Amino acid sequence: MIQIFTTGGTIDKVYFDANSEFEVGHSLLPELLSESNIHEGYRLRELLRKDSLEMTDSDRQLVLQAARECDCARIVITHGTDTMADTAAVLAGLSDKTIVLTGAMQPARMRRTDAVFNVGFAWAAVQLLPPGVYIVMNGEVFEAGAVRKNLHAQRFERT
Amino acid sequence: MIQIFTTGGTIDKVYFDANSEFEVGHSLLPELLSESNIHEGYRLRELLRKDSLEMTDSDRQLVLQAARECDCARIVITHGTDTMADTAAVLAGLSDKTIVLTGAMQPARMRRTDAVFNVGFAWAAVQLLPPGVYIVMNGEVFEAGAVRKNLHAQRFERT
Amino acid sequence: MIQIFTTGGTIDKVYFDANSEFEVGHSLLPELLSESNIHEGYRLRELLRKDSLEMTDSDRQLVLQAARECDCARIVITHGTDTMADTAAVLAGLSDKTIVLTGAMQPARMRRTDAVFNVGFAWAAVQLLPPGVYIVMNGEVFEAGAVRKNLHAQRFERT
Amino acid sequence: MIQIFTTGGTIDKVYFDANSEFEVGHSLLPELLSESNIHEGYRLRELLRKDSLEMTDSDRQLVLQAARECDCARIVITHGTDTMADTAAVLAGLSDKTIVLTGAMQPARMRRTDAVFNVGFAWAAVQLLPPGVYIVMNGEVFEAGAVRKNLHAQRFERT
């Protein structure tokens, strides 16, 4: 059983014409998983619906608590990319679960997006990595506390 | 460095109106990887361009030879799903490389497809699995020789 | 009120992995129209579900009869491109309705397709053209009886 | 020959992760037309790249001037939906050309969008309507000066 926690971020942004802008919508993950023939073996809970630049310490504690209390040993967290490394660092103390954070540079609802690849990558990573906290982006696995988002290059890299 | 070998299969099928049918086209993998911000760290070679129901023992030997001679320790092979388990079984003797076979039930060129998720899943699996030969489909990892395609359920399962 | 009659063709082809081939599926038109904010003002009836190379004289008479008996003055017919001109010629006698035939070179279910553009084009054409029978493809309007599909160039042209 | 003038709007919005927001990008029209087998018979010029809420009287005069000086008798203008009716009203004096304004509620780069249907609809409308200025949205033709965007219903309607 894999537990998915969604917190928002670009991956789940929807375009609202009424506001002339993009806002985080409901998670597209169940639809993406279903399109990939995965219909069971996971639970999904929305913790937050925020752009990660707006996440507070209190929000990160909420994520930590949910991960800590979760009875699954394998957790995938979708998250905005801007402060994903910060949330990963807050979770880094947890040592009895495999926790994989991922997100996307382009919303999953776009014709061209990295979202689906990243979710597939995370789905394998959470099953294969030993207990610990990780970020998976641009086709690589990073350990929490040793990763950052390189804004200029628009990719994640080891620190 | 990850080596990709493409052999054809549904994943790369293209609709040719002139023939009123679907045929295997060039691999969409470089485009999919690029959309997911992966531009380097791999090589791709097309071995075959066949529907896997048409693959012969000779074709499978060609794949085995390419895998054997490859100087990469990590290989992803895209393949039609109908006889993917057969090719995996032929490769099963190789013990010094991590070889992951994947494909798709719906062509990568469709609006709704499992192709992108499967490629993302395979990209993680090939980096994280120990040496051996595996099939990854419907979000699971299967060992070569102990997997089959359940035609009725349209998914792969352990034998 | 616009009446839609669907007869099959590439536009509605679906990939069935179990058969390793493409077959005509249910029409995607209601979904396409809904995505374009059109939820009413039309009726849809499936007359046939055939690749147009398999349509018989009897099939074309069925289409003619449906068009003749239809109480709408505006009819859109989706049809395979290979023999669309033949069906248009059979309908050409009808002079009291605006009948527009269209289809697609790539299934509507593909990421890249002409289907949606063609349906939008047909939706305008059926409202703006005077009574008569027309084919609309590759962004042009053709009169029934004076059009053919140029197989080599993969487009429709005036004869 | 059809002249396309692009002014921006939702239809051409692109998601820029670096800014965590959507901005108007280059027009997707050439790509959309090419996917629909239209490779010639038109010219495209970008006049502006603005969200239509930010268009000024000066901007609308620029559009008017471009339309007036254009030597084509048929013009398609892509435009943000929020003030499309205002620009149409400014153009309404032109009586020697067929001018069709359209746009989209969802960016053309989304998986689900009305953009492609609207462009197809406009492509037919500009060829079939008599000289005058029109808006085409949600599958209908509206005359400039007698149309508004119903924000609540998210559609265009006659005034």
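First chain written, first letter: the chains are A, B, C and D, and each begins at residue 1.
The criterion applied here is as follows: a residue touches a chain if its C-beta (ideal position, glycine included) is under 8 Å from a C-beta of that chain, and two chains touch if they have at least 3 such contacts.
Please read these numbers as outputs of a predicted model, since none were measured by experiment.
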Quiz item: Going only between touching chains, how few steps reach subunit D from subunit B?
Solution: 2
Practice problem: Please report how many Å separate the Cα centroid of subunit A from that of subunit D, as a whole number. | Solution: 37
Self-check item: Interchain centroid distance [CA atoms averaged], subunit A/subunit B, Å
Solution: 26
Quiz prompt | Whole-Å gap separating subunit A and subunit C, where each centre is the average of the chain's CA atoms | solution = 43
Practice problem: Identify all positions of subunit A at which a residue touches two or more other chains, and write them in rising order. | Solution: 105-106, 111-112, 154
Quiz item: Among line, ring, star, complete and other, which one matches the pattern of chain touches?
Solution: ring
Quiz item: Looking at the whole structure, which two-chain pairs count as touching?
Solution: A-B, A-D, B-C, C-D
Quiz prompt | subunit C partner contacts - residues on subunit B that touch it in the complex | solution = 10, 13, 15, 17-18, 20-22, 51, 53, 81-82, 105-107, 109-112, 151, 154
Practice problem: Please give the residue numbers of subunit A that touch subunit B in the complex, ascending. | Solution: 32-33, 35-38, 41, 105-106, 112-114, 116-125, 127-129, 136-139, 141, 154-155
